[in-house]
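The structures considered in this document are given below.
Across the two complexes that follow, chain A remains constant while its partner is chain B and subsequently chain C.
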Partner chain A sequence: MDLTPHLPALQVIVPMLSAPLVLLLKPRGLAWAGATAASVLSFAIALNMALIVVDGGRLHYDMGGWAAPYGIELSVGAFSALVLLIVTGAAAAAMIAARPSIDRQIEAGRQPLFYSAWLLALAGLAGIAVSADAFNIFVFMEISSLASYILIAGGPDRRALPAVFKYLIMGTIGATFYLIGVGLVYMMTGTLNLADMEARIVNVTDINPILVAAGFITIGLALKAAVFPLHVWLPNAYTHAPHMVTVFLAACATKVAIYVLIRFDFFVFQANLENHSLQFSLFLMPLALMGILVASAVAMFEGHIKRLLAMSSVAQIGYIILGASFITEAGLTAAAAHMFNHALAKGGLFLAIAGLACHYRDLRLDQLAGAARSMPWTAAALVICGFSLIGVPGTAGFISKWLLIDAAMDEGGLAWLLVAIIIISSLMALAYIWRIVETLYFRPAVEEPAPGEAPLQLLLVTWLVALANIFFGLFPQFPLALASAAAQLLMRHTL
Partner chain B sequence: MSADNAIVLALCVPLLTAVGIQLAGRISDNLREAVTLTGAAALAWVVWGMLPALFAGARPEFTVGELLPGIGIAFTVEPLGMLFAALASGLWIINSVYSIGYMRGNKEKHQTRFYTCFALALSATIGIAFAGNLLTLFLCYELLTLSTYPLVAHKGDEATIRSARVYLGILLCTSIGLLLPAILWTYHVAGHGDFTAGGILEGHIAGADVGLLLALFVFGIGKAAVMPVHRWLPAAMVAPTPVSALLHAVAVVKAGVFSVTKVIVYIFGVDFLFATPSSGWLVYAAAFTIIAASLVALRQQNLKRLLAYSTIAQLSYVVMAAAVLKPLAEIGAAVHMVAHAFGKITLFFAAGAIYTAAKKTELGQLRGIGRRMPWTMAAFTIGALSMIGVPPTAGFVSKWYILAGAFEANNLLAIFTIIASTALNAIYFLPIVFAAWFYNEQPGGTPHGEAPPLVVIALCTTALLTLGFFFFNGPVIELENQLVEGMLP
Partner chain C sequence: MNLLELLGYFNYWVFAVVLSVGLYTVIAKINLVKKLIGLSIFQSAVFLMYITMDKVEGGTAPIIQKGMENQIYSNPLPQVLILTAIVVGVSTLALGLAIVVRIFEAYGTIEEDEILDAD
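This part shows the complex of A and B:
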């Protein structure tokens, strides 16, 4: 039987159906094995779809054979395939590595519940990426958000509870704004299917509700995506979550929200609203630039290694938004490529930190002094991923930064300001990564240094991701092909 | 062995040496030192083995990969890079001999880390020398900065770390803040950044932009230490002397002026720059650096800091020679890299020998030391004479070419600067030499003899090279003549 036409549906069904199944796997280790199998299978599905759509193709699936606009349509293009690769890749890598870290942080009895929530989060995030329907996106967004609240609060750190409460409130506001926007568009067009909306919005005579909807949707999704200054929920949520959850969510959660933001805007609004492109740029570009500068500056003086990297995530989200705000093919390519490369770098960094956390209970920088001497492999992987985050040539991060700067240089009078800000923020990234390097390598060790390396399972995956950072820095063809196909697709929907 | 494979070997040998040093360091110190020496010898053998092909006019190439269209990591060997690589690899052998004597004589800690980072720095240096485009150059340039940081911070106390941060901060900030935008700009307008004979920017950029781009390059390449981007060099003097000798008199600083020269010759193109008035400021900046650094050197009391300021001045000789934009001056720039390397490494070796034998670091302590350490001070004298440019030393040869180029271009400023700085060099070096030989030692000092034999052997060898280069510089001139082929006279 050829499963290829069913891949978009399987992408969601596999993790979603596995979620209740792992609940039944009480014996020690089996729940982890089940969740890992489901995550890896999801990744295989995503990779398969990416290979099919990399040439600009598209996969359609009508649930139950009911065609859109009445049935539920799933659709996977280059952009969604790229996001699916990030989501499932992060989930699979984190899951394979997770066991030693999860065993330390979550008691055995609650582990099946935890893995179940993990798979639900994965199913929700994947569902957002395959949906071609505005309301389904909302449903999957709620599934993934509720599951990630559970994941973040599931660790031993009680400080996660207020953090997750803040996340819950802000996430709910974001989702509600999105829903209000979708409702307004539905009111004016009578459809929830994105492609259909695009076709019908042309005939709408009273444009004001659509403008209001665009505002609600943009702000709601910007909240979910932690676009500066709507990022305040992010640092604490990432800092106090169980370490493996941070790996998973930091690599992909905000990127999925950015994906919806960009996709909704380009598919539905860009082609149909007068001057919308200008408003889109004028609104997002300053926020992106401020985010890049302010978050990087905060990261430079942050004392806790996880919060430092969480602040850096806010800055990196700024890069992605900045690329999108150019509304050029080059800019969108850079944005999409940076989604992929940042997921690689940040995922690798948080994996290495999960390794450090196996021996260091306190993750403030002061307490990690000299850790490279007892954990040389973990520290080296952390440095490689850190270089990728800075954008050192030869690593994945360089590719997207180069593309971003190249795209910025075409922005006419603004070009020099944009290039200067990107360069300055790279210097800031260098400063905060160097602080970590200096702490790990050159400061005298704390009184109780780690007894040895991180667990092998975790270390191997960390190194796999670190090497992937180098591999995609030297051979970026595949993600770039996806990114540029995605950009072309998006640009076809502009005026 | 084909020359293309030789590039890969030349890059890998120091890397493998670094790995070998790490492994051998766990077994025994003697084995570790043997690995260093073997690695240095192997590198010199590989690099020098490429010379015949270069003399025959070959330009070996090796492409690692193309990241994006027009943007790749690639290596090409051309005369200027060949000269730099041959110089660095040859002196690494002598410096390794010296290091062993120095590090053991001073009972330094963390010696395995020291030798490992040294090997890594050499790998980055070879990468800079053979870089085939701007991106590769930038990558290796940053690797060199990072790999030398642990060497500068070697001592590990507060003051040392502070100096090392200044070193790292200035070099990284200038390279990322200025050099990287310059490189991006070049790629953006020219579509690629390959080093091409005759330059690649002509027709893509004009007017004041040329001067601005040149400024981004010159100040972005902080390792060239053109004022005001020079503070890192005196800061780097906290490193053990072998580091100051090979890296901060040869590899790192030469990587800076080498990169500036290479950008002028292969990216802008000498004739294009000569025809563009907005690039004229560079001669003034270099001349100012020469005079100002020499004046600051006059006031130094610490021997290594004096040598550091002298290096800053001498580096700007190369920049100024390159900026005169005439064939003879370009040859002079290349020759001065070699001549200054021989002389300055000798001076640093001598400074380290004095520290090892007598623990003396200040100029005032050096009276009468020539009688206790005759070999060391003889070498020091030769090095000092070469800095001034007195025949028969290496410094005379390069000054001759730079002056000839300056006359060719009718550049009175350059001519005046060379004459004035020669006088200044004499003023701050000759009193040291005179006091060392002819004054009586201050009473109350502890008696001491020469430094360890390995140290003395090394510094005598480089002193002989300084003298020998005066007589046997033919091959270097012949090689660098290829550099200026097709250039307007």
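This part shows the complex of A and C:
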């Protein structure tokens, strides 16, 4: 039987149906094995689809056999395939590595519940990426959000609770704003299918509700994506979450929201609203630039290693939004490529930190001094991923930074300002990564040295991701092919 | 815009007011349960907007009966959508309350300022 036409549906169904099954596997080793199998299978499905659509193709699937626009359509193009690779790759890598870290942080009896919530979060995030229906995206967004609130609050750190409450409030406001926007578009067009919306907005006589909808949708999704200054929920949530949850969510959760933002704005609004591209750029570009500068500056003076990297995530989201706000093919390619490369770098960094956390209870930089002497392999992987985050040539991060600078050069009068900001913020990244390196390698230890390396399972995956950072720095063809196919597809819809 | 037109949009005015009341409550209150109440009010406003737009004057439920084929029907789709959104809202509220319970267990208070002082 050929399963290829069913891949978009399976992408969601596999993790979603595994979630309740994992609950039944009481011996905790089995629950972990089940969740890992489902995550790896999802990754295999995503990889398979990416190979099919990398040449600019598209996979369609009509849910229940009802054709769009009446039924719910699933559709996977190059952009969604790239996002799916990030989501499922992060979930699979984190899940394989997770067991030693999870055993330390989550009591045995609650572990099946935790794994189940993990799979639901994966199903939700994958669902957002495959769906071509605006309301369906809302439902999947809430599935993934509710599951990630559970994951973040699941750890032993009580400070995670107020953090997750704040995330819940802001996330729900963001999702509700999106819902209002979708409602207004539906009111004027009578459809929820994204492609159908695009076709019908042309005939709308009173354009004001659509303008309001564009505002609600952009702000709602910017809240979910933690675009500066709507990022206040992010640092605490990432800092106090269980370490493996930080790996998973930091690599992909905000990027999925950015994906919906870009997709909605480019597919539905760009081609139809006069001056929309100008408004989109004028609104998002200053926010992106401020986010890049402010968040990098805060990260330079942050004392907790996880919060430092969380602030750096806010700056990296700024880069992605900046690339998108150019509204050029080069800019969008850079944005999409940076999504992928940042997921690799940040995922690797948080994996290495999860390794450190197996021996160091307190993750403030002062307490981690001299850790590289007792855990040289973990620290080395952390440095490689850190270099990728800065954008050192030969690592994945360099490729997308280079593309972004290249795209910024085409921006006419603004070009030099943009390039200067990108370079200054890269220097800031160098400063905060160097602080970590200095602490780990050159400062005398204050704590007792750790008894040894991180658990082998965790260490191997960390190194796999670190090597992937180098591999995609030297051979970036595949993600770049997806990114540029995505950019071409998005630009085709622009005026 | 004359008075009648303004009144014609009555439901949408209520939507805007309720939405603002909810959002204000979420931002202004420091008690976590009150914040959740505000969040629920905020979401209910959106339900009202969806239900309002599907109403067709004189429309009935879209059930085709023998001998009554020429009825005007209201649009059922937004109602189905909002049924889903209500479920989402209830789950969010339940999860939010569960988190508040755990915050109370861990901190002994549900006032935001006292929690911030505690850490």
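Here are a few things to note about the model shown:
In this section, the second predicted complex is superposed on the first by the 494 of 495 C-alpha atoms of A that agree within 3 Å, B and C clash if a C-alpha of one lies under 4 Å from a C-alpha of the other, contacts with A are read in each partner's own complex, and residues count from 1 in each chain.
To be clear about the criterion, contacts are C-beta pairs under 8 Å (C-beta built on N, C-alpha and C of every residue); 3 or more make two chains touch, one makes a residue touch a chain.
Keep in mind the model is a prediction, meaning the values are calculated, not measured.
When the two structures are aligned on the shared chain, A:Pro162 is found in touch with chain C, with no touch to chain B. In the overlay built on the shared chain, the residue A:Leu17 is in contact with neither chain B nor chain C. In the superposition on chain A, A:Leu427 contacts chain B only, with no contact to chain C. With both structures placed on the common chain, the touch criterion links A:Pro393 to chain B but leaves chain C unconnected. Shared-chain residue A:Phe475: touches chain B; no touch with chain C. In the superposition on chain A, A:Ala153 makes contact with chain C only, not with chain B. Of the two partner chains placed around the shared chain by superposition, chain B is the only one that A:Val419 touches, whereas chain C remains out of contact.
Contacts of chain A with chain B, set against its contacts with chain C after fitting on chain A, share not one residue. If you check the complex, the residues on chain C that touch chain A are 19, 23, 26, 32, 35, 39, 42-43, 46, 49-50, 53, 78, 81, 84-85, 88, 91-92, 95-96, 99-100, 102-103, 106-107, 112, 115-116, 119.
Chain B meets chain A in the complex at residues 64-65, 67-68, 71, 73, 135, 138-139, 142, 150, 153, 156, 161, 168, 172-173, 176-177, 180-181, 184-185, 187-188. Residues of chain A touching chain B in their complex: 392-394, 398-399, 402-403, 405-406, 409, 419-420, 423-424, 426-427, 430, 434, 442, 473-476, 480.
On the side of chain A, the complex with chain C involves touching residues 135, 138-139, 142, 146, 149-150, 153, 158-159, 161-162, 164-165, 168-169, 172-173, 176, 179-180, 183, 186-187, 192.
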